[in-house]
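Both of the next two complexes hold chain A, though its partner changes from chain B to chain C.
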Partner chain A sequence: MTVLDSEPAATAERPATPEAGRPPRFARGWYLPYALILPAALLLIGIMGYPLVQLILLAFQNTNDFLHLANPALVKYVGFDTFQKVLSTPEFWQSVERSVIFTAEVVALSIVIALAVAALLSRVSGWVRVTVLTVLMFVWAVPAIVTGTLFRWMFANSSGVIDYICYLLGGKGMLNHDWFASPTQGLYVVAAAVVVWGALPFLVLGFHAAMTQVPRELLEAARLDGAGPLQSFRHVTLPVVRPFLGIATALSFIWDFQVFAQIESLRANTPEPGYQTIGVYLYAKGIGSSHYSNSAVMSIVMILLMLTVLVLYIRQVLRTGEQD
Partner chain B sequence: MAATTTAPRRSARAARASESSQFSGVGRSRTMTGVWNTIALVFAVVMAFPIYWMVLTAIQPSRDVLSAHPKFWPTGLNFHSFHTVTSDPNFAPDLLNTAIITIGAVVLGLIVGFLAAVSVARFRFTGRNPFVLAMLIVQMVPLIALIIPLYIILNREGLYDQLFGVVLAYLVFTIPYVVWVLRSFIVNIPRELDEAAMVDGCTRWGAFLRVILPLTAPGLISTGVYCWIQTWNEFAIANTLLSSANKQTSMVWLTTYSASPTHGADYGAQMAGSLLISLPVIIVFVVFQKRLASGLTSGAVKG
Partner chain C sequence: MKRKFAAAAALATATVLSAAACSSSGSSGSSAQGALSTDGKGKTITVWLQQDAKNGWDNVVTSAVSEFKKETGADVKIEWQTWNNYSTKLDTALLSGNAPDAVELGNTQTAKYIAAGSFVNLSGVKSKFDNSSSWLDSLTASSESPDGQLYAIPYYAGVRTLIYRTDLFSAAGVTTAPTTMAELTADLDKVEAANKKTKNFSALYLPGQDWYVGTSFGADTYGTDGLIAKNSGGKWTGTLTDPNFIKGVQTWADLQKKYSVGGASVNEADQDARMAKGNIAAIVGLGWEAGSVTTDNKALTGKLAEVALPSATGSGTAPQMLGGSDLAVPAKAKNPGLGAEFLRIFTDTANQKLLLAKGAIPNNKTLMAAFEATSPANKAAGEAASGKTWFIPNSQYWSQASDETALATAFGAIAGGADPTQSLTTAQTTIVNDLNGS
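Up next is the complex of A and B:
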């Protein structure tokens, strides 16, 4: 058995000679693993690799209307002109600014709430926990487009239930309050609520799962040593949860920075300029008004802006994988 | 090797430990549990309220929907809104399109992804590690950045406004996810089981069919459900690649419907439509709830 166990490591060092001395156990022929990954590799090259190349080419072209798309003869390579044009547009930087603020707000809110709820779930009775988890499962299942539509209705300025609840709670002037009149309120309150509501199920369930790995003995020992609930959370629970915390924060950043569907449906398919985060803005420019090259530049800038977090996330995932 | 074989035992012990801590509590007083229970239930009510409001609006008679003082309880059961949406000529075709696209993308993604996952989990070959790393990186490329080039390429290939084009586009996120999650599933199946099957006279393909495939089934189900949800709910790609009204998906249908002048203010119908198009996902979720929770921890946490 030990010979068998160490064998894969040995072949790993001589990958080019899979037939090394003895017949391989699972299948003969060096080509088999390649044959198995071939469909996936080809498809991904076709639908992701090729489009990414196309994206970079577009960024250096002048394909900014449908005519250029239909007549490749008109397409010219214009160097960094498109970059210069897009990067000197104030609207672009405003959308970047909105995305940064929105992402920071939503990530912080959803992570803090999710941590608090997960910590709460380890203190409640069994039936309460089942209730909360079941509700979260249902929330998780609701499509983003439906969430946006639903919140547009709940926050509507006539017959909207949120206005009515505010009114019942004492906000007398709130009965016909228009939450969407000011984009600042519409984006950073309503759209943020949409995204946080939709993000909580994954985060709470993830943190809850991570917290069940905290050894009970450690919590008891901490309590006997006189640690308060906050201290034992800080020094016992948090270190166990940290790997997932890193992954969850990075993933939330990645998802929230490119938010699109929720805002699009919240504003009934026509988000006003004040609602244009970078995803909404580049979609409106690229698909909405056929400025393909401009939009390609924005996409590239967006990926570059996310790059640090992406790299940190990938490193964290690889490190977590190694520990297992 | 040793680590992978002890992993199930370790997690079983952890589950048992957590279960006992959940029910006995760490020596907390009754009143505190009462307080925590109340806070948790308030949270559950706040989270559940939007869904409740969607259902309530859909079944409420329209005069109570459009009242300045909306009622928090059903004042009657009225299926008028459901009738309004289902009689929309594009509702049924678009729902069918969504089902076709979803099934296509999930099945293709699972088959192609499973083969690749077996390859990277069971073989060592040049290019294996770069391929696995690529699967991780590829999941992180923002979809919205790919929409324009995908549109241009599929348009050139004559796949614009075709359901198959959208199925292909959705493989962008289903394949890497399936490979990534199933890889860790298959790695955790002890190699000795394949060998035992072959010692007992199975061929390689027999070992594959009788050992790896059945043991990966739970993983296939949870990744399948996850991909199902992703594809069913996707909006931006479908909105770009499909233009004919009867070739769109339900998510595109809902945004078009609720932005139309005739139905823009008919929130009863919008909510009924929202509910109907969410049901397939909700049902899948309820049926596979347990598996999803475990898939979450094995997929997202372990990477």
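Up next is the complex of A and C:
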């Protein structure tokens, strides 16, 4: 992004030397783009790179209580001991497994629902579209912590509105149904709903914007050629929105894999082990209990896991791009 | 969520960085001896207090601040805090070069900071603090290092009592406060029968994840010494699976099942708000919760009474956890002497008297009679606080995020019908591992 921002400035330099025709390799002002990038680059190195280096150092230390954090003289480098300890904990791998399943579910659901809503938006009248988009902006504005708390109340098993609706719809036994008693239900139904709900505004707006790029003539031509709505969606709309679909899926994956605030507030700051996706586990067993080196190891594993999936994914996207 | 995480990671790393930058001493527990200072012309001290004071006894703060200003000439900036994730915030603040001059913290949170030498040693000036010879035992224990040095000042205590609706109880024919468990269950049966038609009615609401109350029932049958885990020769072993402990927990689980609706997987945080809605006849809660019930629902004013929770083993009251707050001066404070002087004024007899008038249990036994005389409710709380009380294992490795969550999870599972021994074994494994620093 910083590169793009600095380009107009670089091209603006060119008219200054019109007599040169094609600018020489080291034209006057060649350094300008680099000079303009420099502050942003330094800032990024400072705020992203430095903590990352510290995180890696921390992972090789024995800073596993507040005593060591407060007294650096006690800190020792212990090699891979902390990795060994963390990676041999079954609970850690259970939380990784939980995260993978949860992320797959939530990404799939949010992308499909967002595509459906966006497709719907292109077929409704203007005022409905404006209303829906405005409401979505409000959803976007609600902080994750608040979302979790709201869903905790809605799914409460005494006087919760969801139980009451289920009851009115005929589920007689649902009046005091405890959604959180079983983590399987609480995590994969309620927590998933919280995350999908929060993810929809960005995705719907994005897909809606992408779909406005689909030329109407193409859709009309498809219809004239006898394509049904599903077929024209599959063969006309989808190829146009594919670039955004790729980015949206990758971003959703990153966001959902790291989910923390929603689950933490949904379970009133004490998420049971069955609710501990990797982010929540990292807080409970790492930072929250002063096990700083352990949490550094977990963060590194988490970053590596995400990078692996993302690299595979990006390769796949590039490949399909080549085929087109 | 991404930003939250980045923030958490940055926080952790930032703390490491600032620790490296600011600390030159390397040994633990060797912070400087504290002194009191009254030389504050032109200075401003920063004090971290929990919102509880703002909501409950703002006048105590105002009075202490004005007295302090008059005496020292220094200004006071109160920064209000909330308990949620407070220890993560304290971790960072106590290591930074910009630590507050005095902080409030829960008595379950002091041990790790004392062990790390994060507070000023106040042993030398202890006698200057009013009533310091009669401070409540549990609060003093949480204020001292294992070798008996004083690093924190007791502020106030909290203890849970049975808070019940006198109108619902008398409508069901119960006119005297229950003093034994048999009486209590008989009363609850009557209240339950009289309110059959009320939707979601709980004669006694016991949130499943309220591990404070669940553990109190275990302490009732097990005893208060070595509760949860006991230390012998530096090694912790768990006592949660002791048959005597389980016996008390079973009583709690039975009461939960019989009288409490809709609370297996929730904690106690909103029980006052739920009670204010009118379909709960009794809760086990802290004194201020009765106040917030009537604040939420004015119609209940004068209809709540408090009584110490009777023991299930026969006579007497069940031991409750003695919670509370301590105050301390961070070792990295800019004005430690002024911070300590503010704490001296904030906890002196005059201000403790203002505090107890607001329903908070004073930090010492000398004023307990005055506290109990203020109201029948406070009499119940005073009795519970002066009776047998229990406390969490006083170790620097006890953590809210891991150990208290483990207990809340276990009791929540038991309330949901799981086997107590099995659930408590899981919690015990987590806790013993944490306490032994592994």
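A few comments on the model shown:
Basically, the second predicted complex is superposed on the first by the 260 of 324 C-alpha atoms of A that agree within 3 Å, B and C clash if a C-alpha of one lies under 4 Å from a C-alpha of the other, contacts with A are read in each partner's own complex, and residues count from 1 in each chain.
Simple rule for what comes next: a contact is a pair of C-beta atoms (placed from the backbone, for glycine too) under 8 Å apart; a residue touches a chain by one contact, two chains touch by 3 or more.
Nothing here was measured: the structure is a model prediction, and the numbers come from that model.
In the superposed model, A:A73 makes contact with chain C only, not with chain B.
In the superposed model, A:I247 lies in contact with chain B only, and not with chain C. Of the two partner chains, chain B is the only one that A:S122 touches; chain C does not reach it. Once chain A of one complex is fitted onto chain A of the other, the partner contacts of A:P271 are limited to chain C, with no touch recorded for chain B. By the touch criterion defined above, A:N157 lies against chain C but remains apart from chain B after alignment on the C-alpha atoms of chain A. Of the two partner chains placed by superposition, chain B and chain C are both touched by A:Y292.
Judged by the touch definition given at the top, the superposed model places A:D65 against chain C, while chain B stays out of reach.
Of the two partner chains placed by the overlay, only chain B lies in contact with A:L32; chain C stays clear of it. Looking at the superposition, the partner that touches the larger set of chain A residues, chain B or chain C, turns out to be B. Comparing which residues of chain A touch chain B with which touch chain C, the overlap comprises 51, 54-55, 58, 69, 144, 156, 158-159, 176, 254, 258, 260-261, 268-270, 279, 283, 287, 292, 295-296, 299.
Only residues 51, 54-55, 58, 63-67, 69-74, 144, 156-159, 176, 178, 180-181, 186, 254-255, 258-262, 268-273, 279, 283-285, 287-290, 292, 295-296, 299 of chain A touch chain C when the two sit together in their complex.
Within the complex, the chain B residues that touch chain A are 1-3, 7, 14-15, 17-18, 20-23, 25-28, 32-33, 36-37, 39-41, 43-44, 47-48, 50-51, 53-54, 57, 65-70, 112-113, 115-116, 118-120, 122-128, 131, 133-134, 136-138, 140-153, 155, 168-169, 171-172, 175-176, 179, 184, 191-192, 194-195, 198, 204, 207-208, 229, 232-233, 235-236, 239-240, 251, 254-256, 258-259, 264, 267, 270-271, 274, 277-278, 281-282, 284-286, 289, 292-293, 296-297, 300-303. If you check the complex, the residues on chain A that touch chain B are 1, 4-5, 8, 11-12, 15-16, 18, 25-28, 30, 32-34, 36-37, 39-41, 43-44, 46-48, 50-52, 54-55, 58, 69, 117, 120-126, 128-129, 131-147, 149-154, 156, 158-159, 161, 164, 175-176, 197, 200, 202, 205-206, 209-210, 212-213, 215-216, 219-220, 223, 243-244, 247, 251, 254, 257-258, 260-261, 264-265, 268-270, 279, 282-283, 286-287, 292, 295-296, 299-300, 302-303, 306, 310, 313-314, 317-318, 320-321, 324. On the chain C side of its complex with chain A, the touching residues are 1-2, 4-5, 8-17, 19-20, 23, 25-28, 84-85, 87-88, 91, 94-95, 112-113, 115-118, 200, 209, 261-267, 269, 274, 277, 396-397, 399-405, 408-409, 412-413, 416, 434, 437.
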